[in-house]
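Presented sequentially are two complexes of chain A, the first with chain B as partner and the second with chain C.
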Partner chain A sequence: MALIGSARRSRATRVPPVVLAFVLVPLLAEAFWVFWPALQGFYLSLTSWDGLSAPKFVGLGNFSEMVHDSVFRTAAIDTVLWLLLFGGLSAALGLGAALLLQQERRGIGFYRAALFLPVVFSLVATALVWQAMYQPDGLINNVLQAVGLGSWQHAWLADQDTAFYAVIIPALWRQVGYVMVLYLAGLKGIDPVLYEAARVDGATRLQQFRHITLPQLRSVNAVVLSVIVIDSLRSFDVVWALTRGGPYHSSELLSTYMYSTSFQSLRLGYGSALAVVIFVLAFGVIAGYLVRAFREAD
Partner chain B sequence: MTATRTTAPVSGTDGPARRADEAAPAPAAAPRSPLLRGSALRTTGFHLTAGLLSALWLLPIVLVLVTSTRTFDDIAAHGVGSWPHSFTFDSFRQAWVDGGQQRALINSVLVTVPTVLISLGLASMAAFALSRYDLPFRRVLLLVMLGGNLLPPQILLIPVSKLSEVLGIYDRLYALIGVQVGFGVGFYVFVLHGFMRAIPGEIQQAAVIDGAGPWQIYWRVILPLARPALAALSALSFTWIFNDLLWAITVLRTDSRMPVTASLIGLQGQYVSMWNVIAAGSVIAAAPTVAVFLRFQRHFVAGLNLGAVK
Partner chain C sequence: MTAFNASRRRFLVGAGAVGTSALLSSCVTQSPAASGGNSGGPVTLQSNLSSPQAKTAMQSIVAAFDKRGGAKAQLNTVASETFRTQLPTYLTSANPPDVYTWYPGSVAESYAKKDLLLGLDDIWAGPELSGYSDALKKLCTSASSGKKVFVPTSYYWWGVFYRKSNFAKWGVKEPKTWDEFLDLCDKLKSKGVAPIGLGAGGDTPWVASTWFDYLNIRVNGATYHRELLAGKHRFDDPEVRKVFDTWDQARPFFDPNGTAIPFQDATTALLQGRTGMMLIGTFFADAAPKDALGDLDFFQFPIIDPKVPVAEEAPTDGYFASARTKRTDETKELLRYLATAEAQELYLKSSSGTTLPTHPDAKDTGTPLVIKGRKLIESAADVTQFFNRDSSDALQPTADTALVHYLAKPKEIGSILTTWQRSAQQIWSQ
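Here is the complex of A and B:
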């Protein structure tokens, strides 16, 4: 004890300059590419800028414009809907898959790998794979025809009513395996004694799930929640590759609207303001994540 | 952190759970079939469910592989969703040569390999300093760095693209490497810090007594001990950086400089409804990360859990 204590103190007395450099170089790299641009981003949200002439300060003008922007409203609603649907379903399906595949038994490695494999695909490749399936003469319509549901056939991505959901499915396909891996680790951490005790008391499987599994997974749930919200708000690639937010903005998310506003319409001030909205939506989760990280860090 | 634990205690959950299957019907004195038949039924049921689910999950992958080996005429005549009536590797040649996937794949490697090396190098240095020395404000520094990585990238897109213009590296791969390093490093610092913190102080003390300086302790002592975490992060960051689209289309403009993800979007526009070429392009774009995953599966899964803050 005393030895560790004195070691601590001698560590504290003198920090060699090399060690300072070890921290400062990465910190400066991040400051240069992240913190400084982020500050600029917040400032630009208060301006009107076409990228060529100097930015013109307009105060909160961009934000009051959003109130009357119907595309913004669609994108904001879609983003929240995306968060709930994509988030809720990937958590539920991921937990379900983890519960199904938690026991070590023959063949389990294959099943887990099958569900996990899409995680390593880029979202663009994922999108293109599904785009082929969604074509009017693609697999999905063919299957519907074959099972006698020919009337359900759709041009899934070209139809305003279905485009949004057609884009969520590939994203889910890719996310479920990721969430499953997080839950598998969580399930492994539950002390088996708890289940044995519950069984002695005559608890059913459902009761065990409700009163042991779910409460024990609380910390993993928090992780999954953060991952899902941050991933949802970042979702861009899959929508961009499949629909570009169309048709008629029916699958528009804030992230795609921000991108097209900024880099296609070249309204950089308004685009920055949209990015600030995304930041505000993500802020609660980021703060929660950091608070947990802070507690863990010592 | 469940980094190293994820693969270990397999038998722990296995034993009691299996006993559950056998014990469950007993106390209820149920009108169930004999023990053995019940569990065999369960096993069959499990494999049916899990097998069906896996098949459903693998179906799109099989479909893209099949589509990539069909001819355009076949697809035009029978539709993308039909059974294949042809077999050829010509679409791969088209995507590789005419579609520019070869150039794009080289670009991807030119960006991904240096980015992984630089970010993990820098991150391991910072993590070493923050976890092994009592620097002032080290907790705050750590969280500031992590916080930067959690920001939605959208807030950075416009300033980063302007910044690279000002630096004169807009539309160069350096810009992509720079922003990927800057944006990713915070997360890697956080994960490596968690790992290095657990290395006993005595090991470092012994090195100090032997006259080792900070650089030697970092390079000879801590870094080798952090190898599992570095391996996990390498596998993970390789796929993240390789699969990125947003940063690439933000700082690059010329088609011939785009990495493979962005060039897939170009392929999609160039070969409209030529699904064989698009499928072949997707296979080419996905092959490297699938290879990394299959080769380093254990590290990969460990890496995903490493990042999970409890």
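Here is the complex of A and C:
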């Protein structure tokens, strides 16, 4: 840009060497540790590789196999379902919690901290605690028994009908606190004068929410959306720790399927192809968002 | 703003295009050339035995090896899941660890085939290993190269374990045949006990494979079993279907939580008398309190078809070494030491002591349980290892999925076996 710009502009944007070094050194590190392995991943997705012998080039064979792979279909549907449930619920519940906890009252800090606390814990540690609660003789079943709902008792993680939802709950439990903090910050930024004016005009609370809060939160919504999409697609730890995608693939996500094909079945070519699909999905959503954001900024 | 972005994007696309062609040609997947010779330093022993008892036992062996003078060893204990996933990377790296804990048979063969394992014919001819049984010699020889590639150090057995005091309380006896076994299950169920514990939930779904293994070697024989796992038969064959028909007779007696809890919890259930018995390997005793150990007993998996030669499941453990080791002599010195009766007895003393040493002169712990276990294996006409050890680690997840699915939805067995065959095919064909 400096090269093609006019002389006046190039003088104005000349980059000092120190700044250049600050940009280039991390770029080189990033290129070596991130871009190169990522490109390797793209190359591997076109091969059949067991991790031992040299990879065999198979063209788009892995991708055409995917079309007929019923586990891939399950994992893709589950991933979409995960995105909708995990994303939708964490946004709704996070916003709800933020609205409830935005007023400065005595002891409010305790509730905020309590909701935010799960974010601080390692998700794997969280999952282990939830696993203990979901056990056949764990806390949840014991409570059901105690309140007379013994017939509802369940092997929550071992039943194909409940495993997927049983895994979502710990993930949500953590994400809600995170989204709540984002929304709390957004709510703080809304000018109270707007609400005063609305009250003077006789707007109900619902109308205030609909016509002031929501439009004012637009920029936060964009952040929340991208955080949720990225977090959904990279959700792996909690599922792996609780069910490993089982029983028989009923809680399989694309990420867990990628891991198990690559590192358990040692089909690293097919695993890389799955990784490429995940990348395309994530990149598609984020690029779509960035393009929109830039267009609005212009 | 837009102009800046456009030009940056163009730059990235250009850089990406240049980079791709340059980088793809020099790929991390290319293997560096093998090298031998000596580079000094201690022999690295990569171990997946991370349970506290086993880890202590390994430490004492390494300490004893170091004390002898000569080569020194360094123990790296790695969590077993990490170890399993990293093993191919270790073996193909340019500067690999020297010695690894792992399994003989087809699992070792998959690496030996690729020339990644150190040939050990010379140390097998030496005094430490020459007295080993012919079965072990055969097990440790690579089928592709004819070279010995493995040093076995211990083995254990699988059996139907129970508490003697509980069987006495319920007034039941060990069964010999399948019918007696089903009668026993019936009796236990009428007493309100879940007859058969499993423990194929959590992160130990592979435990269910032992039921498949045993039913298959009792119904179709060990030879068919090994051929099936090697891809010479199909999982949707009528022979395999017969295995599940037999399983159907015992399935109603399984603990309903069998696929919900890991085997450690299933062990607790067995010890507390909530389940009657459990088909498991002796390693489960590691999780049992010492006072319960004396109360444990087992019986042989019941005979189903007396015409089928009796085989038992007895997995062998031991070590192999990387073909790319830079310390060949020291590595072989360590392997020779691990093969001695002294090292194996030392291991048994420091661990839970329910395994059997491979050295003919090494003494086992001599408990009634161990004596019975040794007799079980020695009287067997044939010995199988375990599902993954007789096939590959890559095939194991296909079995886990199929068997857990079967236990939950036994009526869908037809489609389960078709799916199993299809996923196994993908593993075999690569």
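We take it that the second predicted complex is superposed on the first by the 268 of 298 C-alpha atoms of A that agree within 3 Å, B and C clash if a C-alpha of one lies under 4 Å from a C-alpha of the other, contacts with A are read in each partner's own complex, and residues count from 1 in each chain.
Assume a residue touches a chain if its C-beta (ideal position, glycine included) is under 8 Å from a C-beta of that chain, and two chains touch if they have at least 3 such contacts.
Being a predicted model, the structure only gives us computed values, none of them experimental.
With both structures placed on the common chain, the touch criterion links A:158 to chain C but leaves chain B unconnected.
Set against each other, chain B and chain C differ in how many residues of chain A they touch, and the higher count belongs to B.
With both structures placed on the common chain, the touch criterion links A:206 to neither chain B nor chain C. Of the two partner chains placed around the shared chain by superposition, chain B is the only one that A:282 touches, whereas chain C remains out of contact. Look at A:260: by the touch rule set out above, it reaches chain C but stays clear of chain B. Of the two partner chains, chain B is the only one touched by A:124; chain C is not. Using the contact criterion defined above for the overlaid structures, shared-chain residue A:111 touches chain B, although it does not reach chain C. Within the superposed three-chain model, A:67 lies out of touch with both chain B and chain C [touch as defined at top]. Once chain A of one complex is fitted onto chain A of the other, the partner contacts of A:146 are absent, as it touches neither chain B nor chain C. Once the two complexes are overlaid on chain A, the chain A residues touched by chain B in the first and by chain C in the second are 4, 35-37, 40, 44, 51, 131, 135, 263, 294, 297-298. Taken in their complex, chain A has these residues touching chain C: 1, 4, 31, 35-37, 39-40, 43-44, 48-55, 70, 131, 135-136, 155, 157-160, 244, 246-249, 260, 263-267, 294, 297-298. Interface of chain C with chain A (complex): residues 1-5, 7-8, 16, 19-20, 23-24, 27-31, 85, 88-89, 91-92, 110-111, 114, 116, 201-203, 205, 256-257, 259-261, 265, 393-394, 396-398, 400-402, 404-405, 408, 419, 426-427, 430.
Those residues of chain B whose C-beta lies close enough to touch chain A in the complex are 2, 5-6, 9-18, 20, 23-24, 27, 43, 46-47, 49-51, 53-54, 57-58, 60-61, 63-64, 67, 79-82, 122-123, 125-126, 128-130, 132-135, 139, 141-143, 145-163, 178-179, 181-183, 185-186, 189-190, 193-194, 201-202, 205, 213-215, 218, 239, 242-246, 249-250, 261-262, 264-265, 268, 275, 278-279, 281-282, 285-286, 289-290, 292-293, 297, 300-301, 304-305, 308-310.
By the touch criterion given at the top, residues 4, 7-8, 11-12, 15-16, 18-20, 22-23, 25-27, 29-30, 32-38, 40-42, 44, 51, 97, 100-105, 107-108, 110-111, 113-118, 120-125, 128-133, 135, 137-143, 173, 177-178, 181-182, 184-185, 187-190, 192, 195-196, 199, 202, 205, 219-220, 222-223, 226-227, 230, 233-234, 236-237, 240-241, 254-255, 258-259, 262-263, 268, 271-272, 274-276, 278-279, 282, 286, 289-290, 292-294, 296-298 of chain A touch chain B in their complex.
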